[in-house]
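Order of writing sets the labels: A, B and C. Residues in every chain begin at 1.
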């Protein structure tokens, strides 16, 4: 039994889950915004990165990890709200490439501003838990306290979001505003406010994700730290279906596991190529997502 | 009482409403009749604030509604059941109703109970997704969702569209009973003039955005010219 | 009447050409330079005469487009003779960038799609040229460039296949993933691509000796080569422009605009929608690869870091700021790119920023990113659209 837990394949699965929950979180934050505003937020990763800098670089000398985490989340909420009010609001109802272009531009601005203020060199964050794997009969199990912390945090975030949307009045309004904006207005839902709130929530989820990514000793915090993570998160979201939070969760974790095997058995440089291939194939076979029912576009 | 005064609406170069004025008396059903493209739906959308008029005003009793946002107008007691019903198919029946009840002064439980009393079939299907309902049930849900907010005015846009005659008759009967028992003011937009005129006390007729008749329902119903030229009723 | 007007035009053109030839011979020192200048002037004047006739443009659109391209190339080539090596090298880079922008402009303008991965497609072309040159050093430039176009087209096809069923943001996200993945892909084939350090060309791309001997037998080959590379870039851009102008105006181009405006309606009219979308994607990738191939020749080397994610975003900025979906927009974008570094350096010097500091090194991104957001929010048609609107307003006064 113990040799099973420390075996190569189990290690791949465990590491894969640890990476996968991060992809799931990014995918979830993309889905939150996509469902309500039909905008794919290409600046998602960069916004989260800025929030993390605000939490950790600005407060670095004075506070501990958890205070910084809270500040980063608040910064994420604020940045998400501001982005929606200042940039995104002017893009509703425009051709679908306009928001794409605007968010890519915003991504570039955010990454450049971060590099201008905090430089491009990597910044180590305090790590709240040990990154050394647990031992079993003097052999490492591919799971460290830090990895467990990542997984637990992801589970908490997803549960909170799910409960919020499914069981609260606010969640009902948020979902209604996303599904049927005009009808919602006729029922008294302040749809504009709901969209802002959707962006704030998504950005806060992003901030938590970026803190997790940057707390990892091997990554650290750089202005472009989230580019790769964003790419994998997007791939997960697109495979799972941008409309489906559950799809985002499942495909994020599956992607994490599959890619861990690819990296272990093939080549670490092949990981993103395989991910890209999976994206291309899945988009061709199930354009609306592996985990959603497909809907036909009409005139 | 809803008073519409000198209302003009245009979409780009197309003028949808031209200088329309009429009043809908409190506690009565006012039918708005006319052919396709006469401006009936635009009229309702302007009253509930979804469309901004180019000129003219809409007032509820003493309060001007024009210039307010739809989410504020509904809070002032104007419920709007839109064309095509606007039921959120992904929601369950009860979720749809809960959404409507958000702005209601009444406790949610009481509101739900009341609606289930009026529309028992909704009570039976409360946990079902709205997508599984039939057309008539959807229309009932849409109405119940508007009524649960306790509006003083209800705007109904083509409730009979796509429904079987028997279902339509039943629906019209419910509307008329609601109106009588609660003192609700109803503005009923219908292409199906016959069934609307049966329950309405007044009727206005729109033709290409203009008001061509505004009279007691019986008079409109018996005006052969109106029926022939504007309502397309041939017997 | 028409004949008379033609005659007048030709008389005027011949007179002008004669005057230009005379001026070249008086103004320029050597006989050969004067010959070159005269030929350039005569070609430009004849071409302009053809283009200036509305009837000719209507009756022979393809010839007219060819004439426009020839005149543009001719004028550009002539002026490069008077510029410094630095300006010429900027122009070469910018001309290659214009090709890339033409491709992206076509993709968006014709089918309403967008790519955030054209920097990586450029990289495909850049590495194709470098890899081929390192294995077969003697292949002529034109052939190597065509191979980079083909390589770009093949990769574009692979990534564009989902365009048969998808649109908009999904595709954009996929190209973004490709741009982010490109570095790892290069590393995966490290034995071919040279890994992180990239590849050097085995020898610089030189002007053929007959060209050198004809124009400047005395000057060193170094100066000649700086002109030669910009000339190659300009001629290639001219050819690319010619093909693109025809593509924009062709039945396919018009069909694709229909696809952009309403794809369901286009399908009802009987245009093969998926094929149109994938075609646009392939063309855009192939053009990007051609631009990248030229860059390798101009720089005499290729490094993976050039073709990172940042380049892809810059390309998007340039095409949007220049005017997306238009040919002039692509050329404006290329010119902006050619001189943006100089402008930013000038700005840095005059504001007293530390040129080695964090802020100065990020100005490029802040300015391009900021302009991109502002353009799409407030002037989505870019410079080309703005100028065109002004021009139409002025003419209709």
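Here is the rule we go by: a residue touches a chain if its C-beta (ideal position, glycine included) is under 8 Å from a C-beta of that chain, and two chains touch if they have at least 3 such contacts.
Note that the coordinates shown come from a computational prediction; the quantities given were computed from them, not determined experimentally.
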Any chain that touches subunit C and subunit A: none
Remotest chain, subunit B as reference, centres from CA atoms: C
Chain with minimal offset from the mean of all protein Cα atoms: A
Gap in Å, rounded to a whole number, between the CA centres of subunit C and subunit A: 37
Between subunit B and subunit A, distance of the C-alpha-averaged centres to the nearest whole Å: 44
Interchain centroid distance [CA atoms averaged], subunit B/subunit C, Å: 59
Per-residue overlap in subunit C, given as positions that touch at least 2 other chains: none
Contacting residues of subunit A [partner subunit C, same complex]: 39-40, 42, 87, 90-91, 94-102, 104-113, 115-120, 224, 227-228, 230-231, 234-235, 238, 242, 267, 269-273, 275-276, 279-280, 283-284, 287, 297-299
Subunit C - residues contacting subunit A, complex: 108, 112-114, 116, 158-159, 161-162, 164-170, 172-174, 176-178, 180-181, 184-185, 187-188, 190, 264-265, 309-310, 313, 316-317, 320, 358-359, 361-366, 368-373, 376-377, 380
Residues of subunit A that touch subunit B when the two form their complex: 169, 172-173, 175-176, 179-180, 182-191
Contact footprint of subunit A on subunit B as seen in their complex: 48, 50, 69-71, 74-75, 79-80, 82, 86, 88, 90-91, 95, 98-100, 102-103, 145-146, 149
